[in-house]
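As C-alpha cells, the structure follows; a few thoughts come after it.
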C-alpha cells in the first residue's frame, strides 16, 4: 500500500507582511511516518495547521486520499480522519479526560445533544489504551500532570484519526518536547505501534527521536522544503547541517568556558521536604556554578524548582542563600532575595504576550519608581543583540515572537536586571532549535561567569551535559546521584531510564 | 510606551461616538451647545468622572470595585457631620478614611483570596450601612468649610468640582504612564502569573489600586456634599452603574490589562450625554430607559477595542 | 503542579466550602434564636429561596462560560408585566392562566437570545450588553405598566403560588424542579458540558470545532428563560405585575453563584453549589429578621456575613499561584 | 434677592409693595411676569410605574389642560436617580428660565438645595413637596423657591397608628415595616407611631425591619415574623401601602388575610380597594393628584400676575403643611374612584391656592 494519504500542493501562507510558507509541497504515503525538521520559524507548525484545518492556505491545495479538500474548520479535517496534536498545551481544565479527547466530535458519546458517559468513556479509552492505559477517561483534566496532558493530547489526535474506516493521518507538532525520558519513550512506542495502520507527520527538534521512528525526513527552512532524506540514510549531523546551513554541535557551546573556578556556596538546601513532591533534599550550588537537576516523572525536580521560586512553601527543612536562612513568602519575596526563576510554561508564566519586548525585559527590574524609556530601549537593544532575539523591534509585542525567542525574552528579563544570586531555569531548552539552544546556553554560562549560582532543571540528560558543571539526578522525590557532568553523561543514563 | 500605550492612545472610536451623540442631541435642542448647558454637563460629570477614574485602575487590574458609590455616600455623611467639629480638617480626614477603606478591601481581597466582586459587594452593605447608622438621614452641613464652598462654585464657567476631577484623572494618568506602578498594573491585568513570577509585588499593587479607588470615591463624595450642601447615606448610590459603564464605554476591557484613563474621560462624557441628552432631545420620558439601553449597547459596540480583546466575555 | 494550575480538590470537596458556610450560618442563627431551626421557619426559608434559586440556576451557566448577565432585573420587570397582563387581571381581558407562565418564560428566553446575539455578533462584552438590554427591558416594563400596575385576579394561580403540597411551598417545589433541570443540563447535555470548555479555554473550544457562539447564545437564552420564569413566580405570589419585581435580584443571584464556588473567570462551578449559595443568602436574610438585628445596622451585618460566607466557601483552596480576581 | 427682582420689574415691585401695604395677600392684579404663551410647566418626579407618581402626573397634566397650557407641560422622570433629577432640571433651563415653573417631588431631600440654588441663579421658579433638609426655608431670601408644600409625616404616622391601635383593641404585639431609613417620611411616620404607642402601653412592638418601601422585600420579612411569633402578631404597621400590601400577601399565604389588621400610608388605589375588602385597615392619602398640580397652579397664578411674586407672600404661604385624609372602611368607597379634574378646579383658582393648608411647617 503506497497510495498518497495526504498531499500538500504549493501551499502558501502569509501572516502580516511575513510569508511563513512559500509554496510547500509534501506527500505522505499511507502507513508512512514522515519526520519534519527545521529551525524555529521554518514554517513546520504553520504547515501542520493548514493540513489540520486550523488555518486556511492563501494559495495551493490539500489532497486527502486522492480527493482535493478545502477545510472550513478543524472539525472538517477531523471528520476526514486527520488527527492533529498542536504544540502548545490544548486541554480544557474543567472537564474530564474523555471529554477533552472527544471535544467537539463526540460521535457516539453524544446523541441528540445528550451526553452518554459510558459510550464517551469507552471511545476515549480506546484511544488512551494505545498511549497511556494508566490515565482514566473519567479523571478531571486539571488533576493531571503536564506530562499526562501531553499524552491525552496525543490520544485526542489518535481518536480523531480513527474515526473513519480509512487509515488515519496523524499530525504531531513537537509531541515529545517537554516530556521526560520515559514520557518520550512511551510516545515513540505509541508511534511505532501505529506505524503499520496510520500515516504520521512528526515534527520535532529532537533529531534522535525523528531518526528513530521516521521512514523519511523532510527538512524545512524559511517556509520551504529544502531537503529530503530516508531516515536510514542520514545522521543528526547531516540534518543539523541541512537545517542551519552549517555544523554546530551543542557541545561547543560549553567546551570554551569549562575552565573557570566556581566560588563559595551560594544556594544551600538542607532536608528540604514537601510531600507530595520531594523529601529530604540536600543540595548546594556555588556561585559561578551551573548545577543540573534531572529525573523522570514524579522525580520531584520540577516541584523543587517551584519551591525555590517561592511558589510552594516547603513543609520541612531549610533553605539558605549565602549562608543566611531564608523563608520565602511568595515569588516576589524570592526575587527580593535574588532568586530568579524561568518557568517551563513560558506562555502563561514566562512572558506577558501583550507587552513589548522592552517592557518584558524591564518587568523584573525593581530599581526606581519611574519608567526610564530611553534606558529600557538601550537595555532591550543590548539583550536583543546578545541573545540574538529575532524581533522586528524592541517595541514589538512578545506574543508576535516565535517560541524560542519568547524563551530568550523570559531569560533575558533576569539577566537584564541586577545580577540574580540564584538563577533557576525549568526546562530552558524546551522546543528550541539548535541555534536558539546555543544562544540560550551561552546566556546561561554567561550568567554563571557573572557569579550567579545557576540551577538548570531538565528531563533530557543530554541537554544538561551541554550546560552543567555538575548534575544531580532525582528519583521518587530524593536526590540519588550527584557528580560532575563528564561522569554523569556516561554513568547516569542508566538510572534515569530506570527511574520510572 | 510601546504595546500598552499604543492601544491606549487609540481613542478614536469613543471620540467619534461622543461627537455623533453631541451633534444628534443639539440637532433636537440647539441650546445643548450653549455655554450654560456645557457647564451643566461638566457639573454632572464631576462625580461620575471621579468614581470612574478609580474604577478604571481597578478594571485594568482585572478586578472590579462595586463599593465606590457606597464609599462616596459614607464620605458625604462623614464630611457633613465632621465639618462643625473639625472644620477645615474634616475633608482631609474623610478622604484619608476613604483611602483606608479602599486599602482594607484590597487587603481582604489579596490575603483572604476572596474575589474582589464579593469583597466590594460586601463593601456596599458595610459602608452604606455604617453611613446609615451614623447619619440616620440627610445631614446638612452646619458650619463653614472654605474648601467645600470653593468646590461648590465655578470660575470662568468651569465648575471647580469638575476641575478637581480632571486634575485627579491627570495625576493618575501620569502615574500610569510614568511610574513603574502603571506598568505593573497593566502586567498584572494581562498576565498575573507572569507578573508574580517576575517579582512584581502583586499584593501591594492590588492594595494600592483599591486604595486609590477609595480615594477617588472619597473625592466624589466630597464633590457631592459641596454640591448639595448636605450628606446623605445613599447620595451617590445611583452613580455606581453609570461610572462603571463610563469605564467600559471608553473601551477599557472588563477582562483587565487593556485600557486607559483618557478613554475613561471620553466614556464619562458619553455616559453623561446619554443620561441627560436623551431627555433634552425631548424624547417622551417613558421611552428614556429604552433609548438609554439601546444607545449604551450601540456606543460600546462602536468603541470597544477589539484588537486588544481577543476573547469577548 | 508543573503548569501551575490551581491545586485541585476532589468533586465532593468543591461544594464543601459553601456547605460549610451554610452550616455555620444555620448553627449561628440557631444559637441566636432556637425557633430559627423550627420546621415552620425552614419552610419559610425555602419559600424565600425559591425565586432566587431559579435565577441562580440560569446565572450559573452564564458565569461558567465566563460571561455575566446584568439584565436580570430588566428582564424580570418586562416578563412580570407581560405575565400579569396575560393572566386574569384588572387591566386586560386575557385569561390565559398557566399558559401565561410559558409566555413569560418564552419572553425571557427571547430577551436572553438578544443578549447572546449582541455579545456574539456585535462582540460587545456581556457586562455592557446585558446592562444596556436590561435597561431596555425596564423601559418596556414601564410602558406596559403605564400608570397602573396590573393586579392578578387568577384565583387558582394565586392559590397555587401561595399554597403548599406535602408541607412544602409550591414555589420551592417549582424551584427544586428547576434545579433538577439545571443539574441534568449541566451534567448530561452538550450545552452544559461545552459551557465548561468555553469558559475554561475558549480558544481551545473553538479549535476543537465547537460552535462557541451558538452555545453562548443558547446559554444566555436559557438564563433569560429562568429570569422569565422567576418573574412569573414572583408576580404570582405577590399578585401584581410590577416594574420592581426584580429589584436587587441580580446581585443576589450573582453573589449566590460565586459563594457557591463558581469562579467569575468561568470554566468551573456547579448548579448544586449555587443552590447552596442561594440557601446561604436566604438564611442570612431570614436569620437577620429572626434575631431582630437593629434596622440601622442591618445592611452592615449583611455585608459582613456575605464576606464571611465567601471566606468559608474558599477555605479549602490554597495555592500561591492561584489567580483570584 | 429682593433687589434683583426690583431691578427687573420696578413696576411690579412698586405695585406689589402697595398691595402688600393694603391687603397682605389675596391678589388684586400684580404685574404679569410672563406672556401666557411663554410659561412652561415642569413636573419632576421619580417614574410612572407607581400609582402615586402616576397620579402626580395626571394631576399636573389635568391642571395644564384646564389652564390651556397643555402644550407647555413638561414631564421629567429620574428613575429614582437623585443626581439625574438635578441634571434634568438644569439641562432644560438653557432656554427661557424666567417663565419656567417646576413642581418637584424630591427623589431625596438632598436634591432640594441644589435645585433651589439652580432656580435662584437662573431665575426659574420652583415649588417643592414633602420634605427638605432641616434649616432650609423658602422665606429666607430664596425668592424663586416659590413655596414648599410639606406633608406632616409625623401626624400621618400618628393617624394610621391610632387606627391600628383601635383595630387591635389597644393591646397586643405589632410588627413594623420601615421605609428607606434615610428618608424623612420613614423617620417621621415611625416617630408618629412611637408617639401613639406612648399613650397605649398595652401595645408593644415585637419587631421592626426596613423593607425600603418595597412590597417584594416586605413579603419574606412578614413570613419570617409569622414563623417566629405566630399568633403573637396582633397587627402590622407599614410605612407605606406597597409594603403593607406585600405583608398582606404573606398573611394571605398563611391564611390570615383580613384576620390581622394592617395599616399603610399613601392611599394608592390598590390599598383603598383592599380596605374596601376589609383586608387592610387604614391608609392616609396626601392626594397625589393635588400635589402634582398645586405647584403649577401657584406658578401660573404668579407668572400671570394674578398673585404677586413670592417675596410678597407670608411665611405661612411659603411653607405650609398639606391636609391629608385618613381612609378607612367608612370612606373607602368615596376615594375608590379615579380623581377627576372637575373636583379640583375650585382649588386651582388663584384665590384658593392655600385652601388645603393646615398651617405653617417651620
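As written, the chains take the letters A, B, C and D, and residue 1 is the first residue of each chain.
Note that in this section contacts are C-beta pairs under 8 Å (C-beta built on N, C-alpha and C of every residue); 3 or more make two chains touch, one makes a residue touch a chain.
What you are looking at is a predicted structure, and each value in this text was computed from that prediction instead of being measured.
List every chain that touches both chain A and chain C.
B
Can you check which chain pair, A-B or B-C, has more C-beta pairs in contact?
Output for the comparison: B-C.
Hey, how far is the Cα centre of chain A from the one of chain D, in Å?
Between these chains, centre-to-centre, one finds 74 Å.
State, to the nearest whole Å, the distance from the C-alpha centre of chain A to the C-alpha centre of chain B.
A distance of 44 Å separates the two centres.
Calculate how many whole Å lie between the centre of chain B and the centre of chain C, each centre taken as the average of the chain's C-alpha atoms.
The answer is 28 Å.
Between chain B and chain D, tell me the centre distance in angstrom, where each centre is the average of that chain's C-alpha atoms.
The computed centroid separation for chain B versus chain D comes out at 34 Å.
Can you tell me which residues of chain A touch two or more of the remaining chains?
Within chain A, residues 311, 330-331, 343, 348-349 contact more than one other chain.
Using the touch rule from the top of the page, what residues of chain C touch 2 or more other chains?
Residues 4, 142, 296, 298, 320-321.
Residues of chain D that touch two or more other chains: which are they?
Where chain D meets two or more other chains at a single residue, that happens at 48, 181.
If we use the touch criterion from the header, which chain pairs count as touching?
Pairs flagged as touching, ordered by label: A-B, A-C, B-C, B-D, C-D.
Applying the document's contact rule, which stretches of chain C touch chain D when the two form their complex?
Going by the criterion above, the answer is residues 33, 35, 38, 40-41, 43-44, 47-48, 141-142, 145-149, 151, 158, 162-163, 234, 237-240, 242-245, 247-248, 285-286, 289-290, 292, 295-296, 298.
What does chain C use to touch chain B in their complex?
Listed in rising order, the residues of chain C that touch chain B are 4, 66-68, 74, 118-120, 122-129, 131-140, 142-143, 202-203, 251, 254-255, 258-259, 263-264, 266, 296-304, 306-307, 310-311, 314, 317-318, 320-325.
In the complex formed with chain A, which residues of chain B make contact?
Residues in contact with chain A: 1-4, 177-184, 186-187, 190-191, 193-203, 257-258, 308.
Give every residue of chain A touching chain C within the complex, in rising order.
Checking each residue of chain A against chain C gives 54, 73-75, 78, 86, 89-95, 99, 103-106, 110, 113-115, 140, 142-143, 145-147, 149, 277, 302-303, 306, 310-313, 330-331, 343-345, 348-349.
What does chain A use to touch chain B in their complex?
309, 311, 330-332, 334-336, 341, 343, 348-356, 358-359, 362-364, 366, 368-371, 373, 394-395, 397, 413
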